[in-house]
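In the two complexes below, chain A is the common chain; its partner is chain B in one and chain C in the other.
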Partner chain A sequence: MKELKKLYDRIVQQVNINLRELDFDVRPFVENLIDPEKMTKFYAFYGITPDHPLDLEFSHSGLAGSYFLGKCKVTNSLLYKSDIRGDELKREGSTFTFQNFSIPLTTDEVIDIRDSALIKTLVHNYSHDPETAERFFIRSTLAMQFANIHGSPMDGCFLGPFATVDLTTAHDSVIGRYSYIQAGEVHHLRIKPGTIWVNSPNNFNFYYRYKPEALQPYVHMEDGQPSGLLFDFIEEHQGAFQRVFNMVNLDVIDTIPASASLDRYAVILPKTTIAENVLVSQRAYLQNSALGKGANAQENCYIINSTLAGFDVTAHGAKLIEADLEENVFVGFNSFVRGTAESRVCIGQRCIIMPHTIIDIDEPLEIPPGHLVWGLIKNARDLQENSVSLTELTKIEKSFTRGRMHFEGNGAQFVKAFQDRIQHILEVNGAFYDEEHNNAGHAQKNQNLSLNTIQPFRFGEMEGLYPNMIIKL
Partner chain B sequence: MEHYSVKDLMVPISEYATVPMGTTLLDAINVLEHAQEAYTISKYQHRAILVLDENRNVVGKIGQLRVLKAIETRPDLDSELEELKSFNFSPEYMAHIQELHRLRGPIMRKEDLKNAAAKKVEEFMQKPTPGEFVSEDASIDTAIHQLVAGTHLSLLVTRNGQIVGILRIADVFAAVYHEMKKHDIAPQNG
Partner chain C sequence: MKELKKLYDRIVQQVNINLRELDFDVRPFVENLIDPEKMTKFYAFYGITPDHPLDLEFSHSGLAGSYFLGKCKVTNSLLYKSDIRGDELKREGSTFTFQNFSIPLTTDEVIDIRDSALIKTLVHNYSHDPETAERFFIRSTLAMQFANIHGSPMDGCFLGPFATVDLTTAHDSVIGRYSYIQAGEVHHLRIKPGTIWVNSPNNFNFYYRYKPEALQPYVHMEDGQPSGLLFDFIEEHQGAFQRVFNMVNLDVIDTIPASASLDRYAVILPKTTIAENVLVSQRAYLQNSALGKGANAQENCYIINSTLAGFDVTAHGAKLIEADLEENVFVGFNSFVRGTAESRVCIGQRCIIMPHTIIDIDEPLEIPPGHLVWGLIKNARDLQENSVSLTELTKIEKSFTRGRMHFEGNGAQFVKAFQDRIQHILEVNGAFYDEEHNNAGHAQKNQNLSLNTIQPFRFGEMEGLYPNMIIKL
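Up next is the complex of A and B:
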């Protein structure tokens, strides 16, 4: 156990050294972040599949409850219930295109985690940084619960709970709780909680920040502990995951179509129906819901008493409660969409719910088709202030301000960038799969996946850490 | 310009309007007004006030622009614009947002003026930056370079680390003009 404590102290110090210029001290956040007993209690596991390389290297690290897929290297780090999903890493022999550069890959890309602590964090996608095309690095970084590191190399960063960094290389930066950043590259930035920022230099710039007092009930820090409605919600549903993690083999649910994939670490409760080409990822929670053809529920999603008509994307960490989605709706990372049995949220087709949006209503709400929606919405008036039709946004050529949202640049490019990305997500997830076109995605390929578990030292100096190991084909 | 040194053109600190930290905006304006009235008997016209700490060291400066800024400042606007600056919005967009805020309400409202009058000088004074200090023995050429490079309206003149005067851009400009006239350097026609 001593070694685990030493390692944790070292990581905390390393992150603080990187953040010293911002005068930011992570210590108040980390007091109870790692529970040494839990680091010993949970096994780690990894996927074996013919579709991705099996190339794992663990050294002087704790990996409790974490999942690994593809080519990953973890050194001097502590991971707790984190998902390190290397199924979209670039492959040897492929070409990575960035602006006018075509970068040939001479080796498979690796997720390389070093001197970092990741707590219930998702790492996914691939490095979008042309300077490090073959290495998706995460160095000297501390990420709190339900953070997403998505295609974003990190060096010396702190991510608060529910923070997402998407397609952005971040250096020596603090990303506040419930903030979403997609900006290519950031340095020495201290992002306040509840900031939503999507910036493509010379193309468009979208910015919104929650009023601190409005975000407070949902996510806040209390005596160094993350707290709030989002945590309470997850806590309430935590028990259902016990069974899927405790059992080695679960019964196969026979009503799932052959082209759909249901992860064995997902929770599916009655009466849920799943149509063709649906993808349900690990740690997703479905209850009394219907997922239409090509819909997906990504990691840490909760879909309860809801219907998804088809080809809907529920991105990592999004939550839908008492909601009805028409076709082709995108619900971004960590969004929280909650209606009630009497007051449902109805979202029209082709709507884009921006990442980290909170829709929390107690009166029925109908979002018309083809709208972009952001921020905090508690009623129809908030919706007016926090949405715009995609048609109107497409006409913007210079700038646009609505409520607390600021937009500068070309609206058509912004809409196209989102729509292209949604289409890409559906494609890689296998939403459009049919046998004739040989266009299998995660939903189909994940069926060829089996899992192995690995265990930590349970006694002695190394208690809670895992033996150094290399697992390769 | 080499035969001029900074001390030849500076205003001695004893001639300058000063206020201690903790002075309100209204009191500071009163001091400035009195200094302006005294202009009739002093050769220096005052457009700025120096703020002194308890040891009578200069810790800040308040010009007319700073006073207007203190009156015009709305905390919500200021913090919003400050934030947007960090997020790659263009100066044009920032100006646009400022204009939008202007349209929402006039500045010259009694209540706003009253609030501004109660502000303490340290809340809105301009703190001196390293490029704003110049030795009294430095040449005017050096001072001109500092004024231009830093776009300063004045420099704080030091002797042995102590501030002994202010070098104002107006006085430097007058000296340059005088020098041009003296040497008859007008371009020749044809």
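Up next is the complex of A and C:
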């Protein structure tokens, strides 16, 4: 048996061992997840920039099509077209504060992936766990397509397709497909598909779960294969990525301001305009859209026939089709916002579209400014049941239920936490950059980014795995 | 000052320190040797094969366009389009015998390049020095274009363009342009340009030196720049190498036998035919030629409008134009054999064309079978003065002078040493391969070779240098 197959079997078994108390078997999901031919065919690449340490260590792993930035270590793992973005890791000499604790860092933080398989998964941000300030670990974990592991160390977890774990350390847990959790620390939990859960103990708790039959057309599992409308949508647009290397950006974009950056692995189709301080990350897809000043399109985003007025955040995996965003709109992870040419989705300023929200309409929809929006919205009535004005939410002190959403705790704290975070995202992405303040973010720094490729063994016992490599400045 | 410049200055100074007793200054030669733009632009690549250990270590070095195979280590060095071929290094567990000594190897031999600059240089074979069986070192050495370092550890040396050091450990020595030495061990020697010297102490000594004015049109230095006919010839054919990546071999070659191998960085132009067990190495150039069974074209060879009957060796850097070789002809390193369409060079079987021989004719020339040929030959009369039949040479017991060539010692030993070596070259290259004897050589093994690329820093202080890398199985 070839080494790739052995390694994969070992990872699958390891995840199952960790999940044995939940009586969860990942095997039905993994059948066709790793295609040996693709593992052999695709190069991996790493970013070099003066802003982040070049410090990579790959041992006994397959890395096909994956991207690495900053300090990363991958051991006994299989990564397929995953993005391991260590550009926000904590740095040596800095201090990490958590509640009353203040932790001085004596080394640069590292993303340390071991005994895991990550498929089209985005790993980003830094470990928010004070127990492991210098090591953002991902151990014995299997993540399926378009999962996001965001500032979330994990050990012994299964993430279904489109699952997001955000600022949460997870042990021996299952995060169902299209579920989003942000809960500090979880153990031995099994999160059902389509759960949106934001919990800050003693402060607030937001909970929503899609009706299984309503989520079903968008994301479901069929004979262990993920399928549904979200997959079909991505599939339809795949072709353009194959052409990325042949495209000359200048053909389709009149001007890109010096303060903006487009990743070379992004797809930019006509007629797209890019304003100052815009950040477009790798694997983003823009078509016939206008991105206003300080807007961003993160990894795996699709923005089609849409306008973003400015300072809008399109978080990892969010999709906007036939949508018009006023300024300062936040669209959370993996949200799917789809209007039609005749029925556009208009989102008022300062709106927060919660992660994993689906807005899928065939009549025009207007979301008034300053609203929080969640769940599944197919028309204006759904919007009533799946939104609340931030003003109203701010007044909540104990609890609040609307439709399938239940909120407990302090509404003002919840709103403030969200708004602070959006502000922080815009800052680190360079949305507010001007020369005078010298406050460059990713949009400006990525202009100094170059990408180097690395390749796997292409035959023999080790076919599809990469040579063991240490790459440092 | 950028790191690349600092490093180059450091290397140049180091070589000068080593050569101070010879009162030799390399600085006039190095002015335009390293072009920072090209150092940044060109990828390097390494071969992966089941037959050789993958064990590479690059620190603080530029590697532009260079090729690595087998166990190599490069530290504080600049390599430009050099070939570091560790496919004949000694292996752990083997025994290296030298005279009465028998040295057991406890590790794989490594090519260890440090504080050196190598420009379009070929490094091949293994260290023939019993003092350093496991480490083929190249230290504090500057090698100019088309130098060959063949089984020759060296420390503190300058190799002029087209210089070859073969099976010779060299310390603090200068090897002039187009000189070939094979002398076991040399110290503090300054070899004048155009010297051909083969010395086996107590056995034989072959010595020839080109008239300076005769060598001048072929290779000379002008304002520190190498120039002359050999450079012009290479320059003329450079264009084809830029197209190598676009070429489909099948368009120009009817059939390549399964037992032959063409490197993907070789140029093969119509109408070229390749027989069984042929080896064509990277940077070889073939045009309108026929290579018979077991023939080979090594690195930097040019074979144009020529026929090789079979089992012919075209050693590193040898060039054949309008030439017909019968079977078992050996053409040594960097030889230049040029006929014209009307005046072909015909070389009889079992001839040995000494390394660094120039045959450049405009009247037909026939070299009879079984002759040793050396030096500069422009017509039949020159051939008389620059050749001897192997039969005649075998009878020499004390000394023999012909033209500018002087031979001392045992002619039979000299002929046998050469013939044994040619036989060995054919064997390791796989010329005699058949399935039954399972005696695969490079021609067959290279079919399992894949090439992976690595890239330099493309901006900043480190521009043109490579990240520090360790790459292992």
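One rule holds in what follows: the second predicted complex is superposed on the first by the 462 of 473 C-alpha atoms of A that agree within 3 Å, B and C clash if a C-alpha of one lies under 4 Å from a C-alpha of the other, contacts with A are read in each partner's own complex, and residues count from 1 in each chain.
Keep this in mind: contacts are C-beta pairs under 8 Å (C-beta built on N, C-alpha and C of every residue); 3 or more make two chains touch, one makes a residue touch a chain.
All values derive from a computational prediction rather than experimental measurement.
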item: Contacts of A:Leu189 with chain B and chain C, given as first, second, both or neither; value: first
item: Which of chain B and chain C A:Met462 touches, first, second, both or neither; value: second
item: Residue contacts on chain A - larger count, chain B or chain C; value: C
item: Contacts of A:Glu322 with chain B and chain C, given as first, second, both or neither; value: neither
item: Touching partner for A:Asp51 - first (chain B), second (chain C), both, neither; value: neither
item: First, second, both or neither for A:His406, with chain B first and chain C second; value: first
item: Contacts of A:Asn452 with chain B and chain C, given as first, second, both or neither; value: second
item: Footprint of chain A on chain C - complex, ascending; value: 48, 50, 54, 448, 450, 452-455, 457-460, 462, 467-473
item: Touch list for chain A against partner chain B, complex; value: 183, 189, 192, 197, 199, 201, 205, 207, 209, 399, 401, 406, 408
item: Chain B - residues contacting chain A, complex; value: 83-84, 86-90, 93, 96-97, 100
